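Next, two complexes with chain A in common: one pairs it with chain B, the other with chain C.
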Partner chain A sequence: MPLKMNNGNKVWQRRTSKQQLLNWFAWLIAVAIFVYCWQLVSEKTMWIFVLDSPAQASDMAERMVPPKWGYLSTLWGPIWDTINIATLGTLIAIVLAFPVAFLAARNTTPSVRFVRPVALFIIVSSRSINSLLWALMLVTIIGPGVLAGVIAIGLRSIGFCAKLLYEAIEEINETQVEAITATGASGPQILNFGIVPQILPAFAGISVFRWDINIRESTVLGLVGAGGIGLELNASINTVSWTQVSVILLVILSTVVVSEWVSAKVRHAII
Partner chain B sequence: MLRIENLTKRYKTGDTALKSVNLEVPKGQVLALIGPSGAGKSTLIRCVNRLVEPTEGRILLGDKELTTLGSGQLRKARRSMAMIFQEYALVERLSVMENVLSGRLGYVSFWRSFTRRFPQSDVTEAYRLLERVGLDHMADKRADELSGGQRQRVGICRALIQNPALLLVDEPTASLDPKTSRQIMRLICELCEERGLAAIINIHDVLLAQMFAKRIVGLQLGEIVYDGVPDGLTPDQLTLIYGEEDWEATIDKVKDESDEIESIEIVQ
Partner chain C sequence: MISKAPAQRVWKRKPMITNPKLRWGLIGGVVVYLIIAFYTMEVDWGRVAAGMPRAERFLGSFFPPDFTSRWEDIYVGIVESLWMTVVSTVVGIAISIPVGLGAARNLSSRPVYLFCRGVLAVSRTFPEIILALFAVKLFGFGPFAGIVALSIATIGFYGKLLAEDIEDMDPVQAEAIKSTGAGWFQWLNYAVQPQVMPRMIGLGMYRFDINFRESAVVGIVGGGGIGATLLTSFDRYEFDTSAAILLVIITIVMFVEYSSGFIRKWVQ
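Moving on, here comes the complex of A and B:
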């Protein structure tokens, strides 16, 4: 930063004039790109449909009310399935993610060169495929139903849980581990006394958080035949029963609200 | 009892932390290791229990050579050298009792430690030690509920329950206030005397070192530049260890403060 003087006072500026100029130029380019992209999107959009949309939306809303409340009684089973898909899927995921996280964390992995890449690959492949896609594949492999949903949720969540957990493991306080090591403890004992107590709050928080996400994800799994309330949703949309769709959406909404409340409470209690 | 021969430690970064250090600690001797930050004090004691792997040289505890032990034997050997840490290094989310009992991990099987079913003799000893340091009523508190001085006492209990022959103490008072520092140093020295333990105490507070240790070793840039009695630390010696500074005040104060300490003890 070149020193500038003004009436004998040292003037401080955040950027040099050259940096300032570059900054403006970067903004100019960003705005230009945005305008260009907007133009491309606009060309591919049929504006006639878009202009029509308020009318379409109000039309659909009209067809959705009043919700067909009598339909509610047939939804208890599917929503229970959905909650079970989310819960069992999360359980499978955290059981499998726990060891994977230890293999992936730099400070606990048996081998940075050989084991860690394998663990990271498991994490990335689990995370990169959406649960809907997992479900789609599993429905063709093991047939439609709740089991496909449970496994899809489980496979999708391993990566998420393992990634957050291994980051927590890498951030532990090493001197506590050193202290346990210095007593002559064995590897498993160091894990049990030195590392696990430190990551337990993170582990519990991650599990509950993922359960909360999975409730939401499992509501749509039925769209591809993997059980739960999504099956009903799919059926109702296919038969254009919009009054049933509105009931389903309300049920999903209240389930998600409740699950969020539960997970917030649990996380608060743990941390 | 502990013999260090030509110990050298070079880190991967190329820094040489210890240059061919020779040191012998007889049974029951409390030795203070002083020196500026980066002199290699921590590295030296960590080489002894091999939390840091020495590059060259030999370390013998009794007649056992520590530097060549395999991992199983090293775990056995670590049971007889307990360590006390600067920031206490308690496992914060475990209870005081679990922290103390973790000192027995080298003796019990994984399953027993996992289910927290330690032998009754260990539990009895843990209560006895906690009582000795005045914390028996805290046994079920979580370690992070304790104050600094209390945590260091738990750290001392964890070390002593190992039933060690040697204590490796790394800056035990660096995070404590002056009064607690003295109490902790006094406690460590008393316990060493009671049990006939040898101890290497890393400490950067020259006054405390002179007050409590029978022998002082000064380390500077990985080399021992002073080895003698506390009273032998002259301004010239301190300059050799720490560099140029007016040391007269430090040395004079020792005499005043030791008088003062006696009077505090009488009041208590």
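Moving on, here comes the complex of A and C:
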């Protein structure tokens, strides 16, 4: 226990002086990095705009009320598209993530040295690129529309689903697999009766969880032209119809809340 | 006595949903939904077919990607993304600490709790890109808008997890410190903080990782960072440059993820 002598009395300290010094040093470096970065921000910022922003914000808020409720009736189509993008994208993702996860899991991969790194690379690249960037890419390649959104969501979700799934596969109970193996089952049979039943609940949970995230993400895909309610948002902002923007924001908000509620209910029922 | 041999029975796997009505209802519902979804989806197949050669060219441009001809722009964009990430993570976490403390039920009074929970809920609902869109309207084009958007998103994420972590802490230790006669801040420093610190450092690293990925996106709406460069390269059909940017992003994300795993292990 680190103690310090103070006029002959022992005083308890949380850290030894060496730890204290190290701690201070780490903080010093962190603060220095932050200050340096802040300076770079400051150089690139027009502070006059920032000072002006409260007035801008109140102006914008004023123009957003009252919401133009009549606009709501034209939004059902885009909402349906948004939900389709999220759902079909999630479906594509889970179909493709299933084999990838088996190739990535240490205990089921055919080759730890050759196949596993490839599967892990697929997972990392799918995860590290945002669905909007995937959408941007797909819109330039296959043209704007819902299909680009579906594929973008699918590509982005493969990594997420496969990562969680392969972690679940690595944590399975090996004795069950051994029991199935002992009956003389072949490779695919072991997979089907020994491993799949164990990961099925996790699999369902992951899919619903991802679907919920995808609803949230598919609301903005329209900003780059990939369909859904984001298209309307972009159009309304470009034509400065703020009363429409507020309706769209409220619709997005309620869609997100409802999907969160649904996913929480379903996951609760599964687990 | 001759007993009849039992009719041969075949073992069947137990279905995941045991109630047959619910099972078939769900399956039927899914099939109907898929049919409707496919028919209402408007897809211009001609345009898709026309895009195939372009897709080929795009995939081809990964072998090899072109780092050199636009290196200047890529470098500036990536560095900007990185310092945007640093600033927004630090600012976001700094603000989320008081909000998170206020949103922990065992720490604060009822009105403060409700207010802070409200703040967290609002900052969590909208995606980063919508926040960025509005920040750009308010603060003008540039990294500052992106930083504001990412900071707000960070508050929602980090504050909520901090509050939940504090609510889950071991009350015995907190009580022990309190019984020594510690003041509120001492109590916070010696009872609460050591319990939540390891996990919160890990989550901070995780959020850094998320913010970097998002900082690549806010540029699309004018919030600074590598996103603007990427958007331009797509618009000009310079796919080999886009491929290079994407590879740089993937590499940095991998690096951050690896080092955050390392730091988390070291802290715990």
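One rule holds in what follows: the second predicted complex is superposed on the first by the 248 of 271 C-alpha atoms of A that agree within 3 Å, B and C clash if a C-alpha of one lies under 4 Å from a C-alpha of the other, contacts with A are read in each partner's own complex, and residues count from 1 in each chain.
To be clear about the criterion, a contact is a pair of C-beta atoms (placed from the backbone, for glycine too) under 8 Å apart; a residue touches a chain by one contact, two chains touch by 3 or more.
Fair warning: this is a prediction, and the values are worked out from it, not measured in the lab.
J.: Looking at A:Gln198 after the superposition, I want to know if it touches chain B, chain C, both of them or none. Which is it: first, second, both, neither?
T.: A:Gln198: touches chain B, not chain C.
J.: Using the touch definition from the top, say if A:Ile33 reaches chain B (first), chain C (second), both or neither.
T.: Second partner only.
J.: Going by the contact rule set out at the top, does A:Ser17 touch chain B (first), chain C (second), both, or neither?
T.: In the superposition, A:Ser17 touches no partner, neither chain B nor chain C.
J.: Taking the superposition on A as described, I'd like to know which of chain B and chain C A:Met46 touches: first, second, both or neither.
T.: So A:Met46 only meets chain C here.
J.: Answer with first, second, both or neither: which of chain B and chain C does A:Ser111 touch in the superposed model?
T.: neither
J.: Applying the document's definition of touch, where does A:Thr181 land relative to chain B and chain C: first, second, both, or neither?
T.: In the superposed model, A:Thr181 contacts chain B only, not chain C.
J.: For A:Thr239, select first, second, both or neither according to whether it touches chain B, chain C, the two together, or no partner.
T.: After superposition on chain A, A:Thr239 lies in contact with neither partner.
J.: Between chain B and chain C, point out the one touching more chain A residues.
T.: Result: the larger residue contact count on chain A belongs to C.
J.: Examine A:Ser58 and indicate which partner it touches, taking first as chain B and second as chain C; both and neither are also allowed.
T.: A:Ser58: touches no partner chain.
J.: Between chain B and chain C, whom does A:Ile142 touch in the aligned arrangement: first, second, both, or neither?
T.: Only chain C; A:Ile142 stays clear of chain B.
J.: Report, in rising order, the residues of chain A that make contact with chain B in one complex and with chain C in the other.
T.: Common interface on chain A, chain B vs chain C: 193, 197, 200-201.
J.: Give every residue of chain C touching chain A within the complex, in rising order.
T.: Residues 13, 16, 33, 37, 40-44, 47-48, 50-51, 54-55, 58, 80, 83-84, 86-87, 90, 125-127, 129-130, 133-134, 137-140, 142-144, 147, 190, 213-214, 216-217, 220-221, 224, 227, 230-231, 234-235, 237, 242, 246, 249-250, 253-254, 257.
J.: For a test of understanding, state which residues of chain B touch chain A in their complex under the given definition.
T.: Going through chain B, the ones touching chain A are 49, 51, 75-79, 81-83, 85, 87, 89-94, 98, 102-107, 110, 113-114, 155, 158, 162, 168.
J.: Using the touch definition up top, name the residues of chain A that touch chain C in the complex.
T.: 14, 33-34, 36-38, 40-41, 44-46, 49-50, 53, 56-57, 60, 80-81, 84, 87-88, 124-125, 127-130, 132-133, 136-137, 140-143, 145-147, 150, 193, 197, 200-201, 204, 216-217, 219-220, 223-224, 233, 237, 249, 252-253, 256-257
J.: Would you tell me which residues of chain A are touching chain B in their complex?
T.: Against chain B, the touching part of chain A is residues 173, 175-176, 178-186, 188-189, 192-194, 197-198, 200-201.
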